[in-house]
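Lettered A, B and C in written order, each chain numbered from 1.
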Amino acid sequence: MITPVTKRLVVLGLLAAVGATACSGAATPSPSSAAPSVTAPSDAASSGAPASAPASAVTAPAPASASLTLQGAGATFPAPLYQTWFEAFNGKYSNIQIDYQANGSGAGIKAITEGTVDFGASDAAMKDDEIAKLPAGSKIVHIPTALGAVVIIFNLPGVTDLNLDAANVAGIYLGTIKKWNDPAIAANNGGATLPDKDILVVHRSDGSGTTNAFTTYLDTVSPDWHSKVGKGKEVNWPTGVGAQGNDGVAGGVKQTEGAVGYVELNYATTASLTSAKLKNADGQFVAGSTDGVTAAAEAAASGFPADFRQAPIINGAGATTYPIASYTYLLAYLDQKDADKGKTFVAFAYWALTDGQATETSLGYAPLPAAIQQKSIDELHTFTSGGSPIWP
Amino acid sequence: MTTLAPVMDRSIASRLVRSKADQRRARTDRMMRGFSLAAAIACVIPLAAVIIFVTINGLGGLNLDLLTKPPRALGTGGGAASAILGSLQMIPLATLVAVPVGVLGAVYVAEFSGRRSADAIRFAADVLVGIPSILVGIFVFTFLVLPFKQFNAFAGSMALALLMVPVIMRTTEEILRLVPGTLREASLALGIPMWRTVLSVVLRTGLTGILTGVMLAVARAFGETAPLLFTALGSRLVNVGDFAKPMDALPIFIYVNARQPYPVLNQQAWGAALLLLIVVLTINILVRARSWGRRAA
Amino acid sequence: MAAPSAAPRRLTGRSGGLPDRLFRSASGLAAIGVTLLIIAIGVMLALNSTEAFGKFGLGFITNTVWDPVAEVFGALPYIVGTLLSSAIALVIAAPIGILTAIFLAELAPRRLSIPLTFLIELLAAIPSVVFGLWGVFVLSPFLGSTVDPFLIRILGWIPIFAGPSYGIGLFSAGIILAIMVLPTIVAISREVISSVPDSQREAMAALGATRWEIVRRAVLPFARSGIIGAVILGLGRALGETMAVTMVIGNAQDLPTSIFDQSQTIASKIATTFNEASIGIQTSSLIALGFILLVITIGLNVLARLLVRRVTAGERRT
């Protein structure tokens, strides 16, 4: 029973809660209580990974010394990697927190264009018309951080191995192949009997760099897709349902039998989803892997554009190459309005390009080829704040 | 609820000779009683189903980690601390804004306004209660987020306040009308000015009922998600006190983690849902049980 | 919405000088503010949709394409999704809700009606996102594996019931909406039925009617417009419901052709797309969607309350 005493206590409690929030000051960074589960390597040189810290003559840039929160938004493709990096970076510099909204490459480009975030993230490099929308006189820098493989995930209980070729994938996503036991699919699987189940196509509903990579693949390999749909961060999907983010697609496929989707490799492995082997340009069926992506990137490294806007690497040459590989970028303004934030961003970017590279393979991402890594680090020197360079 | 005695007392009816038509009518009567009982039970089944499943799935996730740790990458653990702290900050602020506005508005309708404007204002408040909360979110976004180019918790609180105000206003007004006019007359006759009469006599008399309305509005605000999506946005970081930045909230946490492919995060969503359900249902049960007790007496 | 009691006489008392005037103004301001709020929301939504309506005209409502790349936007799939999911909800919730209200108001013994009413009110308190979570992991898989295939087997020859079903989709959304609007329909119908004057019931009873006959011939005809109002209020609630629907409706862009298709509603489209829409025609189109929803919801709300008022106000006159 609620007595008058209880009533007064409730009112007092409410007032106390209000008073407490009014009295507390600005955002206090959460103390990094638990050590990050992926230890940030303090000496990357010993890791033996292909892309480790370059010559030690370089002094690493340091972030701002005051408590600072950087706001970022963008691609879900690298989100698991970035979240791990942010925790590790916070472990190293406890005064720096980085908040990241994984709402898709499209949203990331929009956010950095409008200036609502300190940095954006996208797997699809900005197009010319997107660059034209930037504030007059400003320039955006693309910093590649990692490479990832776009894999085809599916949910078929009892089926753990599936080979698909380009025509299969195009047919599924065009809606011409409607069932899993379609002869075109069976032909690639040694005549194995696949279930007589309808295929539920899952694609992205938001503007996505992963979509950009996947549709570039379809656009390259299927003349039908090229004429009917095309490529880009968003397309007019002929069939299927949309999910938000890589995590949405993974969740959607996981929860629905008969579903098929496309996600970055990490999402397939950590969510325990089976992925198909794709036929590469050499005619081999390869599973998505960091090695397969590294092979593709190394082969294409010589053609890397000067403005860093590299298109997804489709059907790269090589027996072990995986056919769909994509770079992913951090986007930031060349001239940083806030000197402290600019300093911190450059420091983080440097850390990501050096120490951070070592953690990538275990998470399902491929480190940058050495040449690209060096180019990116050189690019960091060009950042300025109010005209003067941040990291001379 | 009518107090009519049952029409056909079975003991009498069984002793009467019944015609075929009477038997048919009695059959229809029994059948429709059965259907409506079944309908009433059908209403309660979903309640049981939701509570049972949320409890079963959520118990595993409702642990100390969920309550004290912020989200972690890759579904490796962590918890809902950012969301819980966010809700515990935005809702009191929203209440602080909504209660004075709602109560004052109700006072105006009950004490000062003429019949016509009272009807109009009451009507407007009722319609406001029915506006989809997502449209309120867009409204607040335009004024409190867009000009600053920054999602912020203050905008989130204001969106919640806008949802709470019409509810508080309507329930307070109903309570105020129940306060007998004699109390007001006595107070005024003693020379107490009107404003003092309203505050110290009328509102105090209706305080329990007003608190009931406020608590119900608070319970509703705890569960609102849509308006927060475009205002407070949500966050993975723990934000204490900085209303100029994005802030997480319990319903946002549930929404985001429900669609993640990591079972650990799904588990956290269930745990958070159980927590939210406990809070909301407890408030509702305490508040309604009291008024039911009074009504039954 | 309790039955209105007699309003106390307006007492102005002594004009207490400044404090009184301030108090009166402050409270008046609050009341006017609340009233103007709807107008403000409507105006703001209207203003921001002019870009979209200006570019597409009324074709916005009939166009089925939503293409952010070509910057062509049409609202029809979302309007249809909204209407279909709400229709499914009402077809299920209206009969059950009205029967329940009759049961609670007329047929049930007091010791049964009080706890039942209490429980149904609790149903209304469950947050939408909790319904959504339960819908995604419990209800949709259950429907997809048992109810849907069964329905498709019997009714699948009718195009609107054609399969396949994956659990999530319009039908799941409709069922969850039905659960969510039940309390509204029950509560208001009950109020309306209770406000039918006893004289009507007593007259029928004197003629020897059974309980059900009293309800059917004396109560329901009197309460009919109010009950319709209750159902319309339930419809209004279903149209605007966001989170639970977003989580189970499946997020498909095309015009649905079957109730087992995935779809989107206006509310779910706004919820999923608003934050990443580019400022300009895309945001304006989303706000235009919201404006359409606002107009429909307010229109239904006003109509429903007028209908309900007609019945409950009548009680005071007899």
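The rule we apply is simple: a contact is a pair of C-beta atoms (placed from the backbone, for glycine too) under 8 Å apart; a residue touches a chain by one contact, two chains touch by 3 or more.
A quick note: this is a predicted structure, and the numbers were derived from the prediction, not measured.
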Spell out the chains that contact chain A while also contacting chain C.
B
Chain pair with more C-beta contacts, B-C versus A-B
B-C
Would you kindly tell me how far, in whole Å, the mean C-alpha position of chain B lies from that of chain A?
39
Whole-Å distance, chain B centre to chain C centre, using C-alpha means?
16
Contacts with two or more other chains occur in chain C at residues 136-137, 275
Among the residues of chain B, pick out those that touch two or more other chains and give their numbers.
233, 259
Counting only residues that touch at least 2 other chains, which ones in chain A make the list?
114, 243-244
Could you please specify the touching residues of chain B with respect to chain A in the complex?
69-70, 72-77, 81-82, 88-89, 92-93, 95-96, 149-151, 208, 211, 233-242, 245-246, 259-262, 286, 290, 293
Touching residues of chain A toward chain C in the complex: what are they?
103-104, 106-107, 110, 114, 198, 200, 205-207, 232, 234-237, 240-244, 255-259
Complex contacts: residues of chain A adjacent to chain B
1-2, 7, 10-11, 14, 17-18, 21, 24-30, 33-34, 36-37, 69, 80, 83-84, 86-87, 97, 99-101, 114-116, 243-245, 247-248, 250-252, 254, 267, 270-271, 273, 363
Contact residues on chain C for chain A in the complex?
65, 67-69, 136-137, 141, 164, 166-168, 250-253, 262, 272-273, 275-279
Going by the contact rule at the top, pick out the chain B residues touching chain C in the complex.
1-2, 4, 6-8, 25-26, 28-29, 32-33, 35-37, 39-40, 42-44, 46-47, 49-50, 53-54, 57, 100-102, 104-105, 107-115, 118, 120-121, 123-128, 130-136, 138-139, 141-142, 162, 165-166, 169-170, 174, 177-181, 184-185, 188, 191, 193-198, 219-220, 222-226, 229-230, 233, 251, 254-255, 258-259, 266, 269-270, 273, 276-277, 280-281, 284-285, 288-289, 292, 296
